[in-house]
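Below, chain A partners chain B and then partners chain C, in two separate complexes.
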Partner chain A sequence: MELAPPRGRREPELLPPTTVVRAGSPRRRPRGLAVPALAAGAALLWLLGLHPVLPTELGSLGLIAALSPATLLAYPVLLAAVVLELLRRPFRPRVLAAMTALGVVMVYGLQPASEQTARITVSWLHTGFAGYIADNGQALQGFDARFSWPGFFSLIAFLTKAAGQPDASGLLQWAPMILAGLAVLGMRALAVTVLGDGRAAWLATWVFLLSEWTEQDYFSPQATTYILMLATLALTARYLVRPGLAVPLPFRGRSPRPPPMPRSLPRERLAVQGLIVLFALALAVSHQLTSLLLFGLLLVLALTRRLWSDWLPWLVLVPALVWFALGAKDFWWGQLHLVIGGLGKVGSSVDEGFTDRFVGDAGRTAILVVRVGLTIAVGTLAAAGWWTRRRRGLRAAPLPLLAIAPLVLVVLQSYGGEVFVRCYLFALPFAAILVASWLDSVLGTRPAPGAVRAGPASVRTGPRLTRARVVTVGVILTLLGVGTVVARGGNDAYTSFSRTDVAAVAEAYRLARPGQTISGISTDALPLGFSRIGVDPQSALAVRCPSYFADPRACVLQEVPDYFLVTPSEDNYGRIYYGLPAGWTTALAGDLVHDGKYRVVFDENGSKLLTRVPGGP
Partner chain B sequence: MKPIDPRLTAAALLVLTAVNLLLAGLDVHSALRLYLSVAFVVLAPGWAMTARLRIGTPALAWITAIAAGLSLTLLVAQVMVSTHWWHPTAAFLVLSALTFLALLAHLIRPPAETRVA
Partner chain C sequence: MTEMFLVILILALTGAFAVLMTVRAVVVERGRATLAARGVRPPLLRRLDWTGVTVTLVLFAAVVVLIVTTVS
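Take a look at the complex of A and B:
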């Protein structure tokens, strides 16, 4: 709902977003090469400080405790360079673009650069799904809900098969950096469209880059569809929204005037809607949640009377519903309770999202506190941005509503506790725009983002730039960035793997006959599932024997898998979550071998593969 | 930021497409081929599709091109999976050839300079 400006207050004059003035005192301008040199110094520090990190070296604080001081120092140095460049009049977009690319490498490339193989079990499992489609030319029905939205797996199967490769494992390790980098590009496109190409848009891009701690950018459908969603939103904001997302609707007396036509041409609007239909079709077959979220965000634009084409949300929703009804029949047929079972269960979402996650030792708790702290910080700064814009007469309802809208997922979801992570991820682009509005106002000395011409007495746009303000912005960006590096690496003690872990699993695939079971201790701590999908049952004790940590040996003997994997990552998992002593997995393997139930067929650097002895249990 | 000359972009993507076609023609089995295939799918078909739309800013133009390329290829793959007509090598060759021709057209008759919104 758009609010009328108070009586007697002059309506701010609106400028096209790209005409933000870059003027100011040349006294504070850093020398031409100083900023690039500082950024190059950050890159050098980062590279010099990098060193290989194995899961055996990690504790419950994860990767951050294993980083060298040089690598850690690189982040504030880079962010100092960014802030200094943003203070230049005018700043140099190419320098900022290069530093943004460097930021993507330093934040999202840290783990790929320092760990031996790809992290996160699910990314390995997704390789297995794509491999199944590559080999069979169809999805595996009745196996896993994700096969009901197989678009991403079909794409990867297509690429690996066309490239003559046996599987997609070569893509896994650096996928997070590439996918997150593309998301940052999408954020940049959205920010420029909403805020213009001034300082605020660069700040929004950097806030997004430095606050994306959720790690949903691993090799997965949601990481790919997130890029499509950002592209759709940016195109919509540029061509189909009137008068602009950050611009208040013009008022006539107390009532808003009918919004003007978008500045785009009819053929441009037609072409853009065609592209959005293409994206919507790809979303519909790839990821159920992203389609619904995008529909909701577009609906917000329609309800706030910003969308030129009111039918646009339905262009996104209808393909998703058609695919759900026809293509995903395997998922919902007989499992409707899974689809609607989460409706309205806010209490259980809160339990699963917060309470149930606060388990484990002090280090893990500290990591969780950092994640919650980052989320609260971004929310608070976004609220400050909204308030600042409001004080400047920029009462554009869509921005805060778009930042809040993803929270509806908590009510309408069947994602369990992970839903809060998804809410944050989907809210982040618009929250980052609001945060950037506040940071830009702290730096001051130029028109407000969105863009209000400096001049009306009621609009405060010219506070004096002081060193304290610059330091404040630098410190905030640094805290967000370092917090995100801490949070993203917080689980690495058990979500990262060594090459010998992967080799142990590959050895199990080589030895197992069709139908033989391959099992480990926890599905969170094994690179399991990258092959033989639908051939060998592959699971973990934690699934079928939830209290395994009380007596793991009894669980193994109860489940009697044909092949049993023991790795340092699993050892870390038990230590961090259940307080088991270091080396408990080695002791377990020793007990099983000593009992004559199992024998070791692979043992390298702590990664072991045990096979059941015929005639054993 | 001044946009890059579309002919330069078209030429670079044309080389990428040609290399992919060559590797496919020679049936080279190398991890490098997979990386080049991914780069091709992410960059080339979408740019060939959208370059003439003269989309606003460089960031918006590129994210649109990338999203278009990913969506198009994903849908081609999904149609093959859904229809049980699984011929990824042939489909990749067709996609590469069509992209090559479209990029060649861009090179010969370049799209007008990207408009800055």
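Take a look at the complex of A and C:
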């Protein structure tokens, strides 16, 4: 992903450091093998501490409570190695790259490595969507809004058919690590373009890696389009932005001079614009939100006079608009209120995206507090980075504007209660760059990123490096990393599944005749929907019977699904959200069987499939 | 019938937009020296920009009319 500098383009003329760093001097520099050995020790600790985790072992704090001390210790050890390597003069990019890959595995591969099967209901549902397209050659009209943007599902359908696989479920489990790893590569490319290939760019990459708690990297259109968005931003910043995102515009008198040309070649700029149009076409048919956000971010660049091609934002928006009008008709026909109904309703967005989420027991609340805390911490550190740059005379408007631009989404709509999660996700790359600027200034001793010419900004030397400053950076990175591990696994008690849960659903698919209903209790706690899309109605009782937790038995008897699934994840869901007693789903299944309304056709490790008794309710 | 007309109009405007943007990108690169030195767009570029604005506005209007027509 890291791009070679365009021909004819020079690296930023960073001045050489003017202070001697005590901690970085040869006598105190970590020995050549010490840092790799420390990182290897972290990997070993992580591997030795790993053990299988089942939903039945998890409580409302999620995965973190089930991790071994060795696994937990691995994170600060790895981050100590990263900080020590960044203090070396010069640091070794290959060692940092290897540690970054290890960081991706340790943060994003934790759940795939410790849980039996893929998590998150929606990722299973997306497999079903791709399977439908593979079987029928087209999207299913009138079924689900996501079918109106079928680009990702069509790609997966093509891949599974080309590989001769029955479905895409084999891709699910490790998808978060692969997709998040690609996003980290995209972030690295963007950071190098903006900050140069120095310490700050590595810090930005690590801040991004350690702060992405949103879990939008599961098998989904959002995860793949996010990578395309980062690629577009990195290409734009490298080839089409002038004079650089982190560089102030030159002034002539009191007004800014026309920005200089980008340092890329004409054919490179034309090729990059063509590539961005291709990305825009892929985004337009794959995800409804990413195109709009990318348009907004590029518009910020155009309005701050940084874009060489003023029309670039519109090259991204027009394909999305045309697809919306002609390709997504199934979505807006009859539910236009979903698109424009939330316009300007900030209060509604705040309620759905923030206030309404604070439900559940103390553990669940603690996880939410960690997520909010991480968000506030990244925002505060980014503000500190902006202030530090400003004090150094680096008043480049685009960076802070790009970091806050995604918040406009709150004014547009609630996005199903996920608006703040998406705002954070799209703001994170630029916030990470600002945070890295601050961390770099804490480590001090080098010219600020973006200092391209001699002047007061660049000759100012950083503070002398003290042990306290190094520890501060290490502690901040560790808190971000551990906080993200806590937040990402916080819902695992009900969003993770066992193999027997999946086997129970597969058994329902095997037994059900076309048109028979397959139901569970909660949409968030079942691996439902990975097959027979459009054949059998598959839904959760929680959708049609919102007060199911008050009397779940009455709810089942009211809806009378032909097949009814009971899993430990659903049990956890009821306990965490509604304070139901442990084992309430087992009691429910027992009641239904005792009443003679249902009989058990699958029962393994707490995962049960019940079928309606003919002549019953 | 109105819908059909609007769909064809949207497709035609999209094609026109694509052609305009391609031509504009080439013209910008050919006149890059003038553009960078003086910050002033040459007349051809200005005409292309105004045409682009018009095409984009009509395209947006066509999309809105299509949605309103279909929904109502």
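By our rule, the second predicted complex is superposed on the first by the 584 of 617 C-alpha atoms of A that agree within 3 Å, B and C clash if a C-alpha of one lies under 4 Å from a C-alpha of the other, contacts with A are read in each partner's own complex, and residues count from 1 in each chain.
One rule holds in what follows: contacts are C-beta pairs under 8 Å (C-beta built on N, C-alpha and C of every residue); 3 or more make two chains touch, one makes a residue touch a chain.
All of these numbers come straight from a predicted model, not from anything done at the bench.
Upon superposition of the two complexes on chain A, no clash is found between chain B and chain C, which fit side by side.
Legend: residue contacts after superposition of the two complexes on their common chain; A:W206 is shown touching neither chain B nor chain C. By the touch criterion stated above, A:V285 is placed in contact with chain B alone, chain C being left untouched. Judged by the touch definition given at the top, the superposed model places A:L159 against chain B, while chain C stays out of reach. Contacts of A:G137 after superposition on the shared chain: chain B is touched, whereas chain C is not.
In the superposed model, A:L235 lies in contact with chain B only, and not with chain C.
Using the contact criterion defined above for the overlaid structures, shared-chain residue A:P266 touches chain C, although it does not reach chain B. By the document's definition of touching, neither partner reaches A:F295: not chain B, not chain C. Residue contacts after overlaying the shared chain place A:Y598 against neither chain B nor chain C. Between chain B and chain C, B contacts the larger number of chain A residues. The superposed arrangement places chain B and chain C with a least CA-CA distance of 15 Å.
Only residues 1, 24, 27-29, 31, 33-38, 41-42, 50, 53, 55-57, 59-60, 62-64, 66-68, 70-78, 80-82, 84-86, 88-89, 91-92, 116-117 of chain B touch chain A when the two sit together in their complex.
Note for the complex: chain A touches chain B at residues 17-18, 93-94, 97, 133-134, 136-139, 150-152, 154-155, 157-165, 168, 170-171, 182, 185-186, 188-189, 192-193, 197, 224, 227-228, 230-232, 234-235, 238, 263, 268, 271-272, 275, 278-279, 281-282, 285-286, 327. Those residues of chain A whose C-beta lies close enough to touch chain C in the complex are 258, 260-261, 266, 269-270, 273, 308-309, 311, 314-315, 318-319, 321-322, 324-326, 329, 332-334, 336.
Those residues of chain C that touch chain A in the shared complex are 7, 10-11, 14, 17, 21, 24-26, 28-29, 32, 35-36, 38-39, 52, 56, 59-60, 63, 66-67, 70-71.
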